[in-house]
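Just so it is clear, A, B, C, D, E, F and G label the chains in written order, and each chain counts residues from 1 on its own.
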């Protein structure tokens, strides 16, 4: 079977919007913890969708192994690093008040960074798991 | 151009979803949009198929027509479902698609599927294999009314 | 060299362990290796002898290493009973070491380095037991003694030896963990201390039945005392080489058991508490029964070492008897019997070993006429037997006499009867061997014909002669021991 | 005005509910997979659409409405793709559709003929 | 009657208990590792329902888009549920990965067959 | 009004679940499963309106997207036994 | 230094987390090990400083993110968890040098970096459970440590490790879920997740709805008991310990179960105990009964195990029984005994598992019948095994004796004579399984397959000997073990209602 036209076009059409939706979820998680996780799942979903419709090679071109494997610890580093940055600025761990002159904004920025770390880790994990699953016999 | 348009759509999508117009969120929205466009480029999805900018103009007339078709056939299918005898006559057929672009072809195929009572089962060249719930639906499609409508929509751009 | 008594205590404790560390270094040079053993034994004996004077003078040298828990310390203190025990053990170690050299080399025994290491550790542990200031310290070295002697018991490594080793470990270590340790902890809970204090620590702290129960725990928990019916390990351990048997029966192991019992009587229970109504009566009868029963069993054994083993079980019960009668006289008798029996029994085992080394005989039935082949050995056997029986002019006389006197004093006529009956049985099972050796003809040799004397090597014969002579000497010097033991009651 | 909106949204919601129910009934009643897909498509189109419209009317024009419209749009793009994929997979797995008439062979020939003259 | 009311009022407890039991049963009764994981997933899901109740008690709501942005928000139940879900998903993913490797190593994912194979070896 | 809708959706849900259980083919289950998902989202949306929490729309959107991915994955898996199957590289099925 | 001082609680958890993140970037096992070593060696410095602060200055409270408890997550260090922190970090630090060669032998090359990453995550989780004062945060850390543990086990090249990891995953998840149900109930009842806060609010709830409080206690107890392998919830442990990489087994046996025990103590005494009359419930009786069952049944099974690691694993189940027995006794001496055995068992079991791991390193097997005469070839290793083994028996002069002493005194203080005999009697079983190994190792002649066996390299030998020395040292100097345990026990019992 050649690559099915309808599925191909449908996927192409919707992919950027799925990704954007991921970012939307990311930045609108009520400014509290959580958004990063769903966003990570959705973002990873785009890569999985690519792999399913366009094949694994395409997915690898977009998200190579080396990148994916490093996303997990990178997210962790972002998360923990933001906390440590708080420490370095003289506040408690995970206290981001020091990130801006206005404490409330500082806190907001901190949450954003942390959530971004979560996004990176989660998407990396899910893509890595997907790769591990589909490549197990190769 | 295509990317610019995609960016426009994406940002509109963002605004609709977000509903916040605080500077920080707007900045984030723009950043996200840019990132998405970049990724789309990397994925090579925003081409004539994936972002059929050309079909935009015809959409204004085509979509309302399609909605009307959907309502009509949904009503028809409902009647069949609720009819005690379940008067179905499933039929498989092949119809010709006269669209010139793959985007147009996909529009036709999806329109068939969207309309209750008919499903595009397979696409092969410009032949669509269609499953219809009743024989009349199949014959209607064979007659090519919808095909012409989609082609006109495609051509109008 | 004039060392402080405290230093001598440490020297006595550390010398054997240091020796054990040095011995393996000379694995390839047996002569040097054995020199290390002998030197260590000499150093130990000198240190212990050096303590004798101060202790006789009333000093109680005392060393605390560390306080393990509040009120519970790893600590040592020399007192008369321990002094006596340490003296006996350290002196006999010298003799035993010399004997070991002859025995092990003649028999070309394997694993000799390990053997000497274990021996040294066992002696170090024995010193720990002798000088322990409290039950915790005593228990620590008691277990160390068990563990270090276990490889000696299993020395032959065949199935029988392994089984004996397992039994040894299980009954001694197991018994001590299951009965002895709870008794110690109970003492701790009841008295608030496990220190050895003259006059005891339990007096007035608990009701008589509780004390009696505690006594039972100690009697059976201290498995090394081989109180019947927990004595099986001792006959089974006969598979070990003879010097090991000597270690078990005379130098250290069982002596550590009965020493512990005597020490408990004097310093944990206190004689008054122990002899109070409803506490010790049952134990006196138990000890009496053991004395007789073990003697009867000894009579039925045809294997020389097995007979000696049951003899030991019986003789240990004498010490226990003295401890549980719990009068000063009885306790002095007990302490004295530890020494007397040690010299007698070690002689007997040396003799049994010498017979094995020279003629590879183990069964009593094979000993017909052997006195003609080994006159010195069998003469020593006779002397030792008489000491065990308790006939003058031998050391055993005094201890038995004191025990009987103390029993009569307290009205334990059954105990007196048991002592007398046991002496009779001793005569039967020991002197019958001597009689067989001297008066029955040597099989295979024409009657009356002169036979060539074939003794064991000198390294075997000299030690057994020394110990036999010591048994005689002890008859004439009981007052020294008595003087030492009398210090037990000399005003705290 | 509110009354009119109320009434209209009432009607829409009721109609939507009707189509949802009908589709579900069809899902149960239809004899095999292909025909069942047709029943489900009633839910996916009119069922969802009318209900959403009814709710949007109630909410008035707001972001929520806009969002609802977006939701519908996404459904309209994704729905047929999913349905198509399912149907295609069925056919590929050799699940023979229950047919009263199979016009494929004849039509293929017709179309081939049609093309040749042109 | 009042008992019945109590039960109905605390329907989420009932559902929780039902899911717990179902999940545990599957975990225990099934030899197929995938099914065990499914059971485990159901079992874990039961917890999420439990945390919905305090949300009501404390007057917290699920995140609302246009609500005023609060800096110091309480750890609302939904955060807890979400975290629990994350943990659950991670557990299931790891379990699945293990099952895949078990299948490679043993050629089966039935527990009794694996036991049989290991005891042969 | 919304209560009526909710009731209708609930009944529809029951029917769809019945179909999902009865099958008989895996594709029937996938179809019914999709319908269950759609109906559940619809129900949530209705409840959202009832309780004034339109955030459920986001859930609906998420579901729609994940549904696409999930269905495609399931179908591909059943078809090729392998999600990594690459139609461009490995040619005809 | 001054700037770091107030943030030590955070660093205790964050450093291993950061370390794990960095290690994950690494490809080579060697560099991963190096980083893990550095991080691990920093841990005891922090934990000792924290314990010192807690002992001298009272309870430390650190507010994560600057949010005030009970809303924010609070790290709360008192003598109890300071003590556990020091145990976990110090034991890890001592055994860490051993890891490099052992892991290189037992884990495939390309997975070694991954192993160290998981180890650091696990360490982070364990320290997190111990340090946090927030019930839900403890759950998160519990799962972090558990998930990384499953991976660590599965990374062994023995395929049976996969199955063991799976079984552990199932049981561990059930346990964690029970725990989270328990704290969910507490949350419903009190509206708080901060342990200290919950304890403060529980009393009125108890008066009103005792059954729900009991349910919460039951769920938490069962969940944590699964994690700490309380008999009969131990079924995951023997296989997991037997087939995991040797070093991982030693690490887990010394730390993971101990941290779970800490959690149990924390809930029973500091959360529920202060609010309700815990002695009115049959919880002590149940724990004591299960502990006794563990002490006898699990130890008895150990006697018949042919695989040395499995034998030690069953022994662990039995030894955990002693710890929980002390918790069940809940009087000064008994609780002290239980707590001090947490330390003592950690030291002894770590030494034993490491010694066995050294045998596996040298001869590739830990089957008992193949170890005949190994005492001759690996004298120091087997000597260490012997000393630590006698520690399990409770021989005087070892740390194990101290534990049993306190436990027995605790039983006496309750007036339970019979229990005393059961406590000491069960050590007989330990004597049998330890003695059996020693007999084979020392008293048999080595076969030709042991020709190349010798004591392991220094980096592996030193931790074994150090832990063994600690076993002996803490048998005599108990100021830092029993001393602190007694202080902690006094504080815990003093807080009881």
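Here is the rule we use: a contact is a pair of C-beta atoms (placed from the backbone, for glycine too) under 8 Å apart; a residue touches a chain by one contact, two chains touch by 3 or more.
Remember, it's a predicted structure, so these values are computed and weren't measured experimentally.
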Any chain that touches subunit E and subunit C: G
Chain located farthest away, centre of subunit E as origin (C-alpha): C
Higher-contact pair (C-beta pairs counted), A-D versus C-G: C-G
Centroid-based (C-alpha) most distant chain relative to subunit F: C
Where subunit A and subunit G are represented by their mean Cα positions, the distance between them in whole Å: 35
Distance between the centres, which are taken as Cα means, of subunit D and subunit B, whole angstrom: 12
Distance between the centres, which are taken as Cα means, of subunit C and subunit A, whole angstrom: 79
Approximate Å spacing (C-alpha centroids) for the pair subunit B, subunit C: 104
Sites on subunit F at which at least two other chains make contact: 54, 58, 61, 65, 68, 72, 93
Shared interface positions of subunit D, touching two or more other chains: 18, 23, 25, 37, 63, 67, 70, 74, 78, 80-81, 84-85, 88, 92
Residues within subunit A bordering two or more other chains: 1, 4, 6-7, 10-11, 13-14, 17, 21, 28, 58, 108, 133
Subunit A to subunit E touching residues, read off their complex: 28-34, 37, 104, 107-108, 122, 125-126, 129, 132-133, 136
Subunit C-facing residues of subunit G, complex: 390, 393-397, 402, 404-405, 408-409, 412-413, 420-421, 424-425, 427-428, 431-432, 435, 439, 442-445, 475-478, 482
For the subunit A and subunit F complex, residues of the former touching the latter: 1-4, 7, 10, 14, 18, 21, 25, 38, 41-42, 45, 48-49, 51-58, 130, 133-135, 137-138
Complex interface listing, subunit A residues touching subunit D: 1, 4, 6-7, 10-11, 13-14, 17
Partner subunit G, residues of subunit C touching it in the complex: 65-66, 68-69, 74, 136, 139-140, 143-144, 147, 151, 154, 157, 162, 165-166, 169-170, 173-174, 177-178, 181-182, 185-186, 188-189
